[in-house]
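Think of it as A, B, C, D and E in the order they're written, each chain with its own count starting at 1.
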Amino acid sequence: MIPDTLSQSQFDTVYNFLSLVIAAQLFTAVFLLISLPRILPRYRQAITVAIVVCGIATYHYFRIFDSFKEAFVSESVGGTGTYSQAEGAAFNEGYRYVDWLLTVPLLLVELVAVLALARKVQSRLLVRLVPAAALMIALGYPGEISDDNGVRGLFGILSTIPFAYILFVLFVQLSKSLENQPANVRGTLGNLRYLLLLSWGVYPIAYLLPLLDIAGADAWVGKQVGYSIADIVAKAVYALIIFQVARIKSFDDDA
Amino acid sequence: MIPDTLSQSQFDTVYNFLSLVIAAQLFTAVFLLISLPRILPRYRQAITVAIVVCGIATYHYFRIFDSFKEAFVSESVGGTGTYSQAEGAAFNEGYRYVDWLLTVPLLLVELVAVLALARKVQSRLLVRLVPAAALMIALGYPGEISDDNGVRGLFGILSTIPFAYILFVLFVQLSKSLENQPANVRGTLGNLRYLLLLSWGVYPIAYLLPLLDIAGADAWVGKQVGYSIADIVAKAVYALIIFQVARIKSFDDDA
Amino acid sequence: MIPDTLSQSQFDTVYNFLSLVIAAQLFTAVFLLISLPRILPRYRQAITVAIVVCGIATYHYFRIFDSFKEAFVSESVGGTGTYSQAEGAAFNEGYRYVDWLLTVPLLLVELVAVLALARKVQSRLLVRLVPAAALMIALGYPGEISDDNGVRGLFGILSTIPFAYILFVLFVQLSKSLENQPANVRGTLGNLRYLLLLSWGVYPIAYLLPLLDIAGADAWVGKQVGYSIADIVAKAVYALIIFQVARIKSFDDDA
Amino acid sequence: MIPDTLSQSQFDTVYNFLSLVIAAQLFTAVFLLISLPRILPRYRQAITVAIVVCGIATYHYFRIFDSFKEAFVSESVGGTGTYSQAEGAAFNEGYRYVDWLLTVPLLLVELVAVLALARKVQSRLLVRLVPAAALMIALGYPGEISDDNGVRGLFGILSTIPFAYILFVLFVQLSKSLENQPANVRGTLGNLRYLLLLSWGVYPIAYLLPLLDIAGADAWVGKQVGYSIADIVAKAVYALIIFQVARIKSFDDDA
Amino acid sequence: MIPDTLSQSQFDTVYNFLSLVIAAQLFTAVFLLISLPRILPRYRQAITVAIVVCGIATYHYFRIFDSFKEAFVSESVGGTGTYSQAEGAAFNEGYRYVDWLLTVPLLLVELVAVLALARKVQSRLLVRLVPAAALMIALGYPGEISDDNGVRGLFGILSTIPFAYILFVLFVQLSKSLENQPANVRGTLGNLRYLLLLSWGVYPIAYLLPLLDIAGADAWVGKQVGYSIADIVAKAVYALIIFQVARIKSFDDDA
């Protein structure tokens, strides 16, 4: 899947997007950390989880960035011309799955935590969402590393089952809880699920590309850019919206 | 645009200015972070954004610095003599646009936040300024990376439209809000817009240089120095003035 | 014991698991550190020790990761193919024992601290558990570095004596203290000991492998993966459960 | 000015002194940061500036240290024997001027801030001291990088004018303010100016060396050691005395 | 003194002990930093100094570790076999003296600070102990770097004079102050002096080795291990005991 060569502008595009993700995730975490005391204790669990999620993403993107830099090299003066795969260094896509395994369940914890539901309701949601999320990622992995389209297809379908279940819980079961949320955040929280749907949807689509015989350097660069944007939306933008919700609820509760 | 060779003193000048920016941005962020508790909660959002802006700039200048160090090499003993472009390493100007995409909208958020306006007024300003700022940077990028002066000129003009709009909002629409600010910061806030105008103006001018056929190592070194100074003024000095305003308003509100 | 060569997928598996442990330990520490103020002062000692344990593990896994990366190299383009041991670089297993020497006694301190027992009872437990834990690790080391199965067996048995003693103290003597714990954490604390037993049990089993003539690259990779999972359970998951206990007790005491 | 070769003991002396400065500046900053809450808010501005000054110095000494390590190399086994200038790497003295440009004005801000004068008096002192300090450093730079003793002498004299003015303000104008300080810090504050005079005096003297035809490896090593000690006194020791003053005043105000 | 070659197990022993010291010092500092708010303000000065001491030691051990890793190299596959001194890299023992110059006086400040004596009594102790400690280290240095056993002996004796004086002040003059300490820490504080005596004694003994004609790789490895253990006891263990004293006194004062 990894292309043998990249043009300089392809190389630069991936390079700059990976760096953009580092900056976005790192400084979202920093912003939330500094802002934490301005949130009521009741909502700090949600924001703490958001900080951890953006922190984990920062860590993995530092590794992905370094891996990319080592994996493609040019020999021409001024780094112009073609970049080809280096000797002894692989671009490690596996980092993404390691990241998802940790952060995807936490993204759901983040959402549930900001609702500040009764302890029982919260547990009931988490025991469904968290294992489903972990399962979804774990089932996708064998397909991702396989060269066989059959295997890829099979595990893609298996992984889609927990994915569908998560969406079901979010859109059907969670709706009841949303009704008990303060009026001025209900809309935001409802929309947040669509943002989640939209950004999470990028990952199974990217997974499909090889099945659709879409390959080559351009497709690969597109996939990296797509992942980068989806990761910023699904983690950093998502965290900032959750922060906004927590702020508004903090004001309300205080009054 | 990147010169093939730099004299040692040209190399040293760029090198030392890039390092100066790192120190200035990093320690402005540190200063603001330590000083945050001495500001009333109402103004902490502004200062938190300022810390994030200087932090993001620090991150990018570390990358720019390392990129510069790798991109130009000398082979003479003691690093004297000419520095030429290295094999396999490019000086990455793209970092600047990534930085601007994140920080330029935030600089406007910072300014609006320190005014502590009514929530409605604040929203109205931000939904205009933030997208315009992002658009301005995004439209400049295709021109920046193009070798064709026509393309550069076209996108420069397109990018100037949101730029003009930002200035319009700042100088016409914001004026009304300024009148409601306490007397002892009104002057400072008014002047801050001129400092903004002055420092932001550097970037479109630097963008024009190739159109004016100004090129060569000296022009390039001048551009790097100009960027460095403009970045310190537009982020660090700007942040310190906003901090000063927040301090004075904190005292007033407290009394 | 260290295999001469690893296939690319063996290399990647170890690589990604080591990185997973770094992320898990580091961000468990970060999470606990941010959450510390939401715990009553009485239980902060336990959480502080948990932070230190995960911090020490992070430090050692960074070293282990770098050591692994240096120790196995591939020469083929794109890092595909076989990875063989590098010249002049050894994969250092010794880090694990250094880590255990510091963290294993602290894991017991963590458990005792969250019980918030009377000072006397606490001391009585710690003067037994801490030296036993240190002794257990110290006695295992000479067997680990020996190539002689007799030596390995002997020190394995010697090390098992303090291990058995620790389990005796935890399961027999600690039971009495558990009865005085609030009802809603008693179950969790009881189960925590089984989680401890289960995860700690991995280490002596891994120690046995050479005695059972189980060797080769696959066994070695399995051992690294086993260590990684056991370390996450024994430190990070364990810490999060202790945090949960401390949270519940903080609520109860507050009420 | 930079010697072609250094003996091993000359190399080690510079090396260890540079590292000493890093440790001294970094941990003075850490000490002050941890101790900040024990100071009354009124004096925290002074200590915050002190932290920033020691932080900036730490940053620059890390760079100077790395630059030195790269610039001189030995080829003999065990690093014994002569160290000569490396190919393609220069020892960058320019960092010092960048450091001074930022820190020397801040050192004066630090002193004025701990006096906690009326806002007007404070402004009057700062608008004199800060620009004079920046001018002093800026005027010294062209002389420092020139190979021509005439140029060096000329800019040395120009730079001495603001230097003399700073001393005049400190010793004549500041005296009046000192009289209003609490009795138990008046002596310390008076002496602090002599410590300042003594440590700052090192820099113009070092600047004179080439004019006095004092050159060679020994003189150069002496200069580096002199700078190192002066930097520790002028920043770290100075900061600790200012901290002591702030502590005593905090006690007094509190009583 | 530095051996030409080390066996792999000698190399690994030094390597792992140096890393152990890093982990021990760093996480003692982290533990104390997190625990600081649980100490009464009156005793925070002592703990802050302890943090700084362990921090400085961490810094120096990172440097010593890196220096060791660069200084000894093996060329065999898997890093087995003999390690010999590298070309162009020296193992820098000088770091130890730089470390002691800063930390040994601070260790005495730490002890005096936890006693929370009257300001006068405290000053009287510090003006004796601190300069004596600095003198002791400074006088030892010329002997350490000399190849001449006569010089080594002479400076060893000179350095022993302030050492004896420190012990005199600690064991004779400090005793009176100990009587005024609360009963439940008096014993611990008394014993702490013996721990100090025991750990500090390691350094002059290691200094004697060359005079006793004890040399070779084994003696050298033993010295590094001895230094490592002594450093952990004299700084980290010592700090934890001082923390324990401060905790008990905080409880007492609070009651």
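Definition applied: a residue touches a chain if its C-beta (ideal position, glycine included) is under 8 Å from a C-beta of that chain, and two chains touch if they have at least 3 such contacts.
Because the structure is predicted, anything quoted here is derived from the model rather than measured.
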Problem set entry | Chains in simultaneous contact with chain B and chain D | none
Seminar exercise, completed: Chains in contact with chain A and also with chain E, listed by label, are C
For this session: Can you check how far apart chain B and chain C are, centre to centre, with Cα atoms defining each centre and the answer in Å?
Result: 47
Seminar exercise, completed: Taking each chain's centre as the mean of its CA atoms, chain C sits from chain E at a distance in Å of 29
Exercise. Which residues belonging to chain B are in contact with no fewer than two other chains?
Worked result: none
Exercise. Think of each chain as a node with edges to the chains it touches; is that a line, ring, star, complete or other?
Worked result: ring
For this session: Report the order of chains around the ring; begin at chain C and proceed in the direction of chain E.
Result: C, E, D, B, A
Problem set entry | Touching residues (chain side chain D, partner chain E) in the complex | 8-9, 12, 15-16, 19-20, 22-24, 26-27, 30-31, 34-35, 38, 73-80
Problem set entry | chain E-facing residues of chain C, complex | 2, 4, 33, 36, 41, 44-45, 48-49, 51-52, 55-56, 59-60, 63, 71, 84-92, 94-95, 97-99, 101-102, 145
